[in-house]
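Here the chain labels run A, B, C, D, E and F in written order, and each chain numbers its own residues starting at 1.
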Amino acid sequence: MSAYFQDYLTVGVFAALGVMLVMMMLGVAAILRPHHPNPTKLMPYECGVDPVGSGWDQTHVRYYIFGLLFVIFDVEAIFVFPWAIMAEELGTFGLVAIIAFILTLLEGLAYAVKKGVLRWE
Amino acid sequence: MTLLENFWVLVALKALVIAAVVPLTALVLGYAELKISAHMQSRIGPYFAGGRWGWAQLIADGLKFFQKEDIIPDRADKAVFKMAPALVLMSTVALFVVIPFSPSLRVRDLDLGIFYVLAISSVSTIGVLMAGWSSGNKYSLMGGLRAAGQLIAYELPLVLAVVGAVIQAGTMSLNGIVEAQAAWGIPFVIPQFLGFVIFLIAVLAELTRIPFDMPIAESELVMGYVTEYSGFRFLFFFLAEYANMFAMSAIAATVFLGGYWAPGLSDAQLQYLGPIILVAKVFLLVFLFIWFRWTFPRLREDQLQSFAWKWLVPLSVLNIIATGIFKVVF
Amino acid sequence: MVIDHDQVRHLSEVAVSVELETPEMTLNIGPQHPSTHGVLRLVATVDGERVFDVKPVIGYMHRGYEKLAEVRTYPQITALINRIDWVSGYANEIPFIVAAERLMEIEVPERAQYIRLILTEMARIASHLVFNASYPLELGAATPLFFALRERERVLDLIEGVTGGRFHPNFNRIGGVKPNAGGGPTQRKVSQDLPKGFFEETRAAMERVLSVCDELEDLVAGNEIILARTKGIGVLPVEVGAAYGVSGPNLRASGVPFDLRRIESYLPYDRFDFDVVTAQNGDCWDRWWVRLEEIRQAARIVIQAIDGIPSGPLQAKVPRVIKVPQGEVYVRAENPKGEMGYHLISEGGQGPYRLKIRSASYSNISILPHILEGVLVPDIIAIMGSLDFVLGDVDR
Amino acid sequence: MTFEAWIAEPVNWVFIVVALAVVGTAVRVVTSQNVVHAVLFLVATLAGTAALFLILSAQFVAWVLVLVYIGAVIVLFLFGIMITRAPTGRGSGLDNDRKGVALVVSAALFVVLSWASLSAFGTTELTDLGEGTPTEVLGEALLGRFVIPFEIVGFVLLAALIGGITIARRDATPAEEEAR
Amino acid sequence: MTTSPSDVTELDAFAATIAEAVGGEARVAHGTAKVIVSAETWTEALATARDTFGLGYFSWLSAVDWTSDVAVGDPPAEGTSERIEVLCAVGDLDGRLVIFSTDLDHDEPRLASLVPLYPGANWHEREAAEMFGIVFEGHPQLEHLYLPEGFVGHPLRKSFPLLSREVKPWPGTVDVEDMRTPDEPSTENPEA
Amino acid sequence: MAILPGAGLLKGMKVTLKTLFTRPVTVNYPKVKEIPVPRARGVIALDQDACTVCMLCARSCPDWCIYIEGHKEEKQPDKPGGRVRVRATLDRFDIDYALCMYCGICVEVCPFDALFWTPEYEYSEGAMGDLMHDMDRLQDWLATVPEPPAVES
């Protein structure tokens, strides 16, 4: 098996380990813990009064626009990585190209700031 | 082929070690937090369990959780509710894969190292959102949404802050980054101080610790996305929080503070001193986190967003450009 | 291409008003909530993090003191009323006792008045320290809590040393302060004068209080995060506050020197040199700052009082069984939370015919629906906490 | 390469298992009665796809998938669900009667895509399977041969950003402008 | 010093001026100024107080149940006419305070609400309404404030019994012998 | 609003760091105890011999938590020819600490010095009913009554 596959098999094993830890510990605890459910206990907590509404009411996420910004800048950041490890080899041309790329997007951020998007209403 | 060279035996062994290390870090860091915070507040903190200094306090707490009832609210989305802590813990455990403890002691040295860390750590947010949404509780939902909002604000500075170090090291492998610092003779914190500060702030936000703990903000949202969790499921969030704190501090120490490397030590010495050096650096950072937590209040959601977008992102981009120019021109 | 700006604006408004509009959610804050200081319930109508409307629901702790007072004798009522605002229990007794004394037309000995004043100011320090402890906690900082409570312990120890009670001193008697009690098997009825060493201990404690004020100022006042969370938040204009009956530090933070210690004459405050602390903006920050500064002023008064305390009897001559002559009187005092007053109607019996208790927190939080309109959820806590209320004082 | 030879490779078993899981969760995404569940199945689908990329040696792309899609796009999806009037509770009916049409369209899409990729890469064999493409190669390609498209991507992202801001946000009223 | 404020005469004059302006009667005793007005002129009187005399600080509002029909406590000393007296204390920020008073019918007390004048009267009127059964006309939300929904009775009415005292016998009734000391009052329980 | 990490944050950190190296003020409670002041109202002690069953305390208690029963007893004269005295004897003297509000009125009104405050505080119970202290238990507390403190004049 190649080292590459070993790498990611290990990652897979560890991801599984996280889940297994949860299951194992819950399994052990299941033997010890009591189980006496009653309707009050199973009620969602709402500061001691009966819950109003469903708990799944829609809420106004005011930072939706931030989410949008984030996706776009995340993509940008990812494009920077392949350059970053090769910065020296790619030389001035690479540097100019990546700065042009970054500045293009910073312009977007500046636009967002100017438009007042980065404020909550 | 000896037994130890077999890949599966080796992976199983490492998995066992990490399975022990994760709860252990949570115990040690949790205890450190209890004691340090107590003394910062002129209290003596835990003193009963285990006799001296109450060293067994968290072990007793852990045992207590074994006999706690597992309550899943009847309004909850049960499948998602049960999955959420597993997902959070999974991403935490997976983080431990790449932490290099010495030149050879590590689980795996991934080629993409730091990039892998960033990707995996963003997964836990999905777990938090799941926990918040599935509880069927308003505080949880708001907490989950705040956690997600926080992630989108601070994931970016986190990603951008390491780019500078990657440029300097010319690799994304964590071992490679440490070796680059060793070869250079100074840790990256000195040339990349700005990057380091931004990374630390972003890590604090990622860990939802004060001053960025709006997702759990107990004075507003009771306990945020973990409000409905009890017993062991609650413990998993606790475990994940501290294990994550350890892992992220280790990553920060590796990328910016030279990891297992210390000046003046030979490779052979680093082989066995490495883990101690790394843990010492981790504790330094953890102490800093604890110190922040017990000194500062929390920001408001909108203030945090603007802080990230108006200061951290432009600053980290500037840092990248400056580092790039420095690297290419000089 | 020409962009039709009207068109764009129109589209975006549609997007905002139709798609992004969400149904309102009712969020309960309390009664069992970490930051409501007991059992207060706020029914908030929120949209995301924005609050439209807040309806406080009180009464979870209503104990009916006004009714209970109608069936009790005057000494028994004194024991009850220090439970109204338990954070500054001692200060609650004063206006009631003074009200009864005014109807009986009793002149209280000087020394007793000084002791009352010293303990009242200590109660004020204790109460404001609790505020300084809990307010940063509500903004997320846990440590100031312990610093403030650490020094409050010293003050409470002093109060306990004199009165025997930490929270509920029950130390005032009509005509003076508690003259005696079973003192011990060998020395029976002894005087309850200040215990030996009280003056030095008080002086030392006031030093500590002043130094913890500096510490709190370092921890909280300079903190940029606290400033961001409190400056300009929950601004309360004076006229609005007055129309709601808001009093005490909350009103002084808005800029008026409305301090009943200067206005009324229930205790000899006119002999002391102290500043009435006011601030200008009336926001959360100012309310915090006024209380911190008032601790310093109170410590100043205490030190002046122990320096100038006269000797003499502790109790005026009063009949063994107290009957208050017919009449009615309203006496109000500057309590740590604001105006605390008792409207006492006596028909000549051993107990009052009617006792109306005007408590400060009740009026102070009645302004919540007004002041919380349109704020963010985290600000609810910041503003509510800055009003410094005690549920016992609200519900009575 | 014969099917026997292909199936003899253990890595291809993994591929089959993961691919089946991806298809299964993808089906659940569209059949799920609850939007949030659908999104969570989408997470699983994306994770499976990332695993497929890993098998195909494209490790950078795989983690990009995790970072951008699971870490960012999914969060955006969940936000979107929460701010629109989409029902998020349990068992809220999401069905409609246009399943047939959708099935035909997606089948057609599948055929077209399969045909396109088969005709383009059908005979290409991955020679360095199990090696893991070094990211350096990506960097060289991106800033070398593909530098023009790379810069264009920057502009496309900028356009997306400005478009998003314009649509999702109304301009401040003069009064608000004043207050700023 | 504690028995009377120093500026009694000034207070006397102030109360008299107000009483004259609102057509009421002023009574000052023990440093407390009280202006008695009729129920019809209630809102006018307070509007005058607020606008003409600058009494913009709303201190409190409450009521007294004057009756000889008492379930607990002592009845008034020399009998009284049955009525509900509403008291409202308003002041200014310089320290003057005047208590306005008006008498209402004992069985069906009604009074105009002060909420439009003083928003702070909201809770005080709600409290008075549930405790005494007064109807405040024009109040925006005359619901229970302290008492649970569906509570029957008005607790601060003198005829309302105190349950805790009804269910438990008074421990002081047990008597071995008459140990009354000369200055001790009759063993009448002051609370029963 | 933008926040730059500034001097204020560092100032606060200095305070907490300084406290980290000072002695804590709390004590290790069951092992170390803080001594309450002599006047502290912890629990009420009863001197049975001094009590004359006058009921003053029970009558003046605001929440009726004192229960007293007694009977008359004839006491023969010490020396022959003396008068036969009638003496009230205590049968029951209970204080219900679940109800008591520690106001101290009973101690104050007692004309015969039969009741005393003592600062003892460790008498919490698992069940509310156990907080009813009978006369023997109250008598036991008498040993813990401290000397009154000296006073300032």
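Throughout what follows, a residue touches a chain if its C-beta (ideal position, glycine included) is under 8 Å from a C-beta of that chain, and two chains touch if they have at least 3 such contacts.
Because the structure is predicted, anything quoted here is derived from the model rather than measured.
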Task: Pair sharing more residue contacts (C-beta pairs) when B-D is set against B-C - done: B-C
Open item on the list: Just to be sure I understand: the centre of a chain is the mean of its C-alpha atoms, right? Then which chain's centre is nearest the mean of all of them?
Closed with: C
TODO: State, to the nearest whole Å, the distance from the C-alpha centre of subunit C to the C-alpha centre of subunit E.
DONE: 23
Task: Centroid spacing, where centroids are CA-atom means, of subunit B and subunit E in whole angstrom - done: 62
TODO: Please compute the C-alpha centroid of subunit C, do the same for subunit F, then give the distance between them in whole Å.
DONE: 28
TODO: Could you put a whole-Å number on the gap between the CA centroids of subunit E and subunit F?
DONE: 37
- [ ] Note the residues in subunit C that touch 2 or more other chains, in rising order.
- [x] 20, 22, 25, 28, 33, 48-49, 72-73, 143, 147, 150, 219, 223, 225, 228, 376
Open item on the list: Quick check: what residues of subunit F touch more than one other chain, meaning two or more?
Closed with: 1, 3-4, 9, 12, 15-16, 19, 25
Task: Residues of subunit A engaged with two or more neighbouring chains - done: 1, 4, 7, 46-47, 51, 53-54, 56-62, 64, 67, 69-70, 74, 78, 81, 84-86, 90, 94, 98, 112, 119-120
TODO: Could you pull out which subunit A residues touch subunit B in their complex?
DONE: 1, 4, 6-7, 9-11, 13-15, 17-19, 21-23, 25-26, 28-30, 32-37, 39, 41-47, 51, 53-57, 59, 61-63, 66-67, 69-70, 73-74, 77-78, 80-81, 84-88, 90-92, 94-95, 98-99, 102, 106, 109, 112-113, 118-120
Task: Residue numbers on subunit E that touch subunit C, as the complex places them - done: 1-6, 29-32, 34, 56-60, 62, 64-65, 72-77, 87, 89, 93-95, 97, 99, 118-120, 122-123, 131, 144-148, 155-156, 158, 160, 162, 165, 183-185, 190-192
- [ ] Could you please specify the touching residues of subunit B with respect to subunit D in the complex?
- [x] 77, 80, 111-112, 115-116, 118-120, 122-123, 125-126, 129-130, 133, 145, 148, 151-152, 155, 159, 172
Task: subunit B-facing residues of subunit F, complex - done: 1-4, 9, 12-13, 15-17, 19-28
Task: subunit C contact footprint on subunit B (complex, rising order) - done: 37, 40-43, 138, 142, 145, 210-211, 213-214, 217-222, 294-303
